[in-house]
Amino acid sequence: MVDLPFAPPPSCPEAEDLRLEVRAFLSEALADRTPAQRAESWQGHDPAFSRKVGAKGWIGMTWPKEYGGHERSALERYVVLEEMLAAGAPVSHHWIADRQSGPLLLRVGTEEQRQEILPKIARGEAMFCIGMSEPDSGSDLSAARTRAEPVQGGFVVNGTKLWTSGAHQADYMILFCRTGKGQRHEGTSQFLVDLQTTQGISIRPVRALTGEHHFNEVVFTDAFVPEGSLLGKLGDGWNQVTSELAYERSGPERFLSSFLVMTEMLRVIGPEPSERAAIAIGRFSAHIHTLRRMSRSVAGMLQAGENPGLQAALVKELGNTLEQEIPEIARLLVDCEPSLESDDAFAATLSLISLHAPSFSLRGGTREIMRGMIARGLGLR
Amino acid sequence: MVDLPFAPPPSCPEAEDLRLEVRAFLSEALADRTPAQRAESWQGHDPAFSRKVGAKGWIGMTWPKEYGGHERSALERYVVLEEMLAAGAPVSHHWIADRQSGPLLLRVGTEEQRQEILPKIARGEAMFCIGMSEPDSGSDLSAARTRAEPVQGGFVVNGTKLWTSGAHQADYMILFCRTGKGQRHEGTSQFLVDLQTTQGISIRPVRALTGEHHFNEVVFTDAFVPEGSLLGKLGDGWNQVTSELAYERSGPERFLSSFLVMTEMLRVIGPEPSERAAIAIGRFSAHIHTLRRMSRSVAGMLQAGENPGLQAALVKELGNTLEQEIPEIARLLVDCEPSLESDDAFAATLSLISLHAPSFSLRGGTREIMRGMIARGLGLR
Amino acid sequence: MSESLIEATAARLFGNLVSSRLLAASEQGVFAAEAWRAVEEAGLPRALVPEEAGGFGMAMAEALTILRVAGKHALPLPLAETMAAGWLLAGAGLAIPDGPMSVAPVTRGEALVLARRDGGWHLSGRATRVAFGRDAGSVAVLAVHQGVPMVALVPAGGFAVTPGTNLAREPRDTLVFDAALAADAVAPAASGVDAAALRALGAAMRSLQMAGAMAGLLDMATRYALDRTQFGKPIGKFQAIQHNLAILGAHQAAAGAAALGGAEAVGEGLRVLPIAVAKIRTGEAAGLCAGLAHQVHGAIGFTYEHGLHYLTKRLMSWRNEFGNEAEWSLLLGRHLAAAGADRLWSEITSA
Amino acid sequence: MSESLIEATAARLFGNLVSSRLLAASEQGVFAAEAWRAVEEAGLPRALVPEEAGGFGMAMAEALTILRVAGKHALPLPLAETMAAGWLLAGAGLAIPDGPMSVAPVTRGEALVLARRDGGWHLSGRATRVAFGRDAGSVAVLAVHQGVPMVALVPAGGFAVTPGTNLAREPRDTLVFDAALAADAVAPAASGVDAAALRALGAAMRSLQMAGAMAGLLDMATRYALDRTQFGKPIGKFQAIQHNLAILGAHQAAAGAAALGGAEAVGEGLRVLPIAVAKIRTGEAAGLCAGLAHQVHGAIGFTYEHGLHYLTKRLMSWRNEFGNEAEWSLLLGRHLAAAGADRLWSEITSA
């Protein structure tokens, strides 16, 4: 029997109380944020906001208390994430660390690394970026060429990372690079690189098509990193990064990126929509409702310590398609010549999200990679 | 500069007079045909109708008069084809012969073959079927195993052809099979097989999911075909069949299969449709209008003696997508529980076409094959 | 799809009962009486009936998952309909007969009329597209009397049948009622149960059947892709086929999730919004998955002999029954629009 | 796409003029004055003007194909607008000035008001989303006076400009008119030329620009797929990428065909239905092709530095200008519905 198992999401009644708490917090914290700012979604950057979220105990929620965590369930964490996204909160200062770098440190970090870093993350005070992609290594991560050569007391790193989101704002990078002789997957490792103190790192903006600065090129030139910055086992980089990617893809950001277009569209359309608009709203909402259920099922797997890689790929496949479809349908339901500078909330939101939409099925793994993973899950590869 | 050239269609004013003539003929000839019968499209079979079409001079229109043809232009022929399809005329008795077998005979047949067969086709009196596919050779035609061994005075054929549309009604089959030692494309040939007189051929129905009988399995058991039935050059089967397929794919049947759903939907929806229905009708019509233009461009290439293989693949790719989309949208615009036995014209038409729709992107070459051909046209293979 | 005990039991049973021959005969109008008896012996038709009324006393959401398994096997029996009839009857406190049953009315806008007559009742009216109407030993009917929704049990003979079918040639018959009923054959429906509720239950049931059928498609299409060789390798090794199967897999997974959500909503007092979600999402996936499964199978899947069509034709029918995606999307969309933009998210999370 | 002589000429010229630097500067609001002079020297802005009024006397359909080439190169100049202004002015028998021009109004529902004043005219009103309004030396305006559509030539200074942009940061400005015009600056529009006609011409022009931009995408994406290596081979060797490019190729071919049909319809007296078809079909293809081109390019196409976005952002803007697909589909669909089912086919073949 070929199938793609998806367990019903565990019930978690306490998460619903938490939800109300998060909503109350956000309605105050985001009161001044314009629709266009909210549309930046998880790329919005506001360290003060992240510190507030940390103070509420909503970063590192599932981690042990000894590392600054709160030992709450993955389902509770899920509620916080989706509420942040649905409200358009500027979460980028803590998002990546909370989602994948912290869990990675928990899994493979040394006690010293955990003690030092995790509490800072949980307070919203340590921003991470991910040094995976390179100029010739996008989907094909195993083509990475950046290399760390062992030297007295540490390693010297040379190479170039590309598309590194937030590197210009981040405190740390999780660097994936070659450390051994093997080809492709072999001989790779991960390092925890302190971007504030490490010499030999230059960060150059790579502007997006909107002109925004999120991505960077990060060049390592004889950059020395101490022995203690090796993350996990030397040579085990590929395995570590593969499970990190399952975390990267597991969240509701893979289907909620366009949610604010729906909100603003509903505002324009009003309480008595045309049949055509009502059907579109109903259909999109049914998709979101279903993806939420699937995504809570993924959270349930995380909670149970299972690897949700396949299920996350399924959610991302469907979620990206939906995220890309929403602005395409919305623009036909509400006649609008989009402009980033528009002072009309719908037009401004639609514009930003329309321009970002093509990237939804690239970031976190392309559609081709996701479908390949699903095919593997079906036994076809 | 990578591009996919599509010349503007040549103008052909005389075709518009012809169009009115065809419409007048069809409105009389099809007066008794129900919408559900019309929905059978080019699978509808009526030898008497085909003879009438032949008598009008609308079969073999572009062929030389010496072979029973009418020396008219490919643009005029195009008008006849699309009018037949749009009206749901039962054309299967002459369709394949007119479209590909006749042109094949013209290109590679012996003078004797042409003299004997083409006039019969043009009168609507010779139905053809195509013996290409086999159980293990669908998309991969070069895996064909049916073999004709040379013997005294001819060949002995053994093997099994599958999915042979209309074999149970046809007078002739164009058989593609192995005649030499080569692998894959090599050592293949085509034969003109008289199904009425040849011994050793058994034809078994392969019923479609609707229960209809269009396909057949045709088994050759030591079937003797005379030397004179070799079509074209011995060993040149692959080249011949490739250009035959360009003809097979070049017509408007690749985008008009669902047209009658639109007609019947418009009848239900009436002169003052909802915004939602009007937009759908407008959009579909824009697609059909554009595909007609592209298809006339293909006819222009045929007229100029060019190979329209790539352009036909583009039309088929777009046309199949549209044909499959029309019933899927129509069922949501007009609430309807489909049933083949319904006496409601829309429901009956929708039902038959919905059930047939998955085959649109299989027959005449799968979507995968078409996209591969387009990719080749782009220089990617 | 994770499987419960009852699902595993049903899967074993249906797997043994349903064959191509049975399905072909059913399309010819032959009722699968022997298979029905086996299903009835297993108690499945009473799965929605409380213990005190002779059922299992199983949670409704769990009981409904039997229908996912039934859909996967294209079970050609009125199992959903008999379950729904049992639920209606038990809710009204009426006795539940053995044998296959159906429910009516099922078509939007249709209503049956009950009138007091001679100390008993008289039922009249016309109900179209009643599933397995011709095969039902009795039909549980919902009719309004003086503003109160009533349930009536009408044995075969109490209605005239004009046969009809859906695309899978499952019976979808027109029943014309003109029957005298005993006083104790009619009772007020359970609180909250009315025509809309029956339609919602039907929608939830068809969603589960569709989800099951799509899981069946994924299984069949994946196996076929691994078996069938073209161009010197299994077609499942071609990236285009892998992508088609991945998309099919993703949509059937969404359909499964949405349908289970619908089943849970039935158990929570027929909450209508998650049922709308279920019918919208499974209905949309149905056509997509059927198309992809056919595309992967190529010509063979288009033959009567190959079993694929028993699933795809059902999907293409079931998505229209008890309201298509447009009908349920309109209901859901209007609800959300009325709630307004600032409540959109909270409506979605609480639905 | 087959190329005419005028297209070949335009392609050479635009290829020389348009660089990434020019496009980036244009996004910053710098008018490409030097490039404009070169285009003007080649006579292209007057391509729609009859010979006697100082134009080429070229067939309109052929002249319009210049815009397909302009779209392909993302030419950041008001070439379409100046051509449209010249056409309006020539039709009204007004003199055609040199320099970049624009036309107004272009937004549905907007109207400008002409009144007789002091032996001349007074023009007032507000026109939004006027392309290159800030850069225009003069604007050809369509306004109604006593029920008659009039054309007026308004030099820069005769209107106040509030700058705005589209997604590609092309100027789309709000112009507020409050200008006294000389008697000979205003004349009745050519027969049949009214606001709807101007909108149709704009739609046909944007369709051609979009078709050109999509041809550009196909070229760029195919070349990139042949160059870029991942997993040890050019990504263009992967079946999934080949299929994406095939779909992109098919839709851009349809867009090209539809846009040329629209251009012919302009030449045949602005027949509105083929123009509707052109805008519907190119508009639908625009988003699809932009998405596919980005998917093939991956992250690099998402950077400002790479030129892909100059085309994709224009496509995402142009499809909304002069009526989006829904607006034109509604017009076409209503026309066909009014004609009725039995005339559907003949309406399509004669449109």
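Letters A, B, C and D name the chains as they come in the text, with residue numbers starting at 1 for each one.
Here is the rule we use: a contact is a pair of C-beta atoms (placed from the backbone, for glycine too) under 8 Å apart; a residue touches a chain by one contact, two chains touch by 3 or more.
Quick caveat: nothing in here was measured; it's all calculated off a predicted structure.
**Student:** Does B-C or A-C have the larger number of C-beta pairs in contact?
**Tutor:** Looking at contacts between chains, A-C has the larger number.
**Student:** Taking the mean of the CA coordinates per chain, how far is chain A from chain D in Å?
**Tutor:** 39
**Student:** What is the distance in Å between the mean C-alpha positions of chain C and chain D?
**Tutor:** Once rounded, the distance between the two centres reads 52 Å.
**Student:** Could you pull out the residues of chain A that touch at least 2 other chains?
**Tutor:** 275, 279, 368, 371
**Student:** Could you list which residues of chain D touch at least two other chains?
**Tutor:** Only 238-241, 243, 325-326 qualify.
**Student:** Between the chains shown, work out who touches whom and classify the graph as line, ring, star, complete or other.
**Tutor:** complete
**Student:** Where on chain C is chain D touching in the complex?
**Tutor:** 238-240, 243
**Student:** Over in the complex, which chain B residues touch chain D? Could you list them?
**Tutor:** Residues of chain B touching chain D: 1-8, 19, 23, 82, 86-87, 259, 262-264, 266-267, 269-273, 275, 277-283, 285-294, 297, 314, 317-318, 368, 370-372, 374-375, 377-381.
**Student:** Show me the residue ranges of chain D that touch chain A in the complex, using the header's touch definition.
**Tutor:** 27, 108, 129, 164-167, 172, 229-231, 238, 240-241, 287, 290-291, 294-295, 298-299, 301-305, 308-309, 312-313, 316-317, 320-321, 324-327
**Student:** Please name which positions on chain B make contact with chain C in the complex.
**Tutor:** 133, 136, 138-140, 143, 162-163, 206-211, 215, 324, 328, 331-333, 335-342, 351, 354-355, 357-359, 361-362, 366-368, 371
**Student:** Across the complex, what residues on chain B touch chain A?
**Tutor:** Chain B reaches chain A through residues 274-276, 279.
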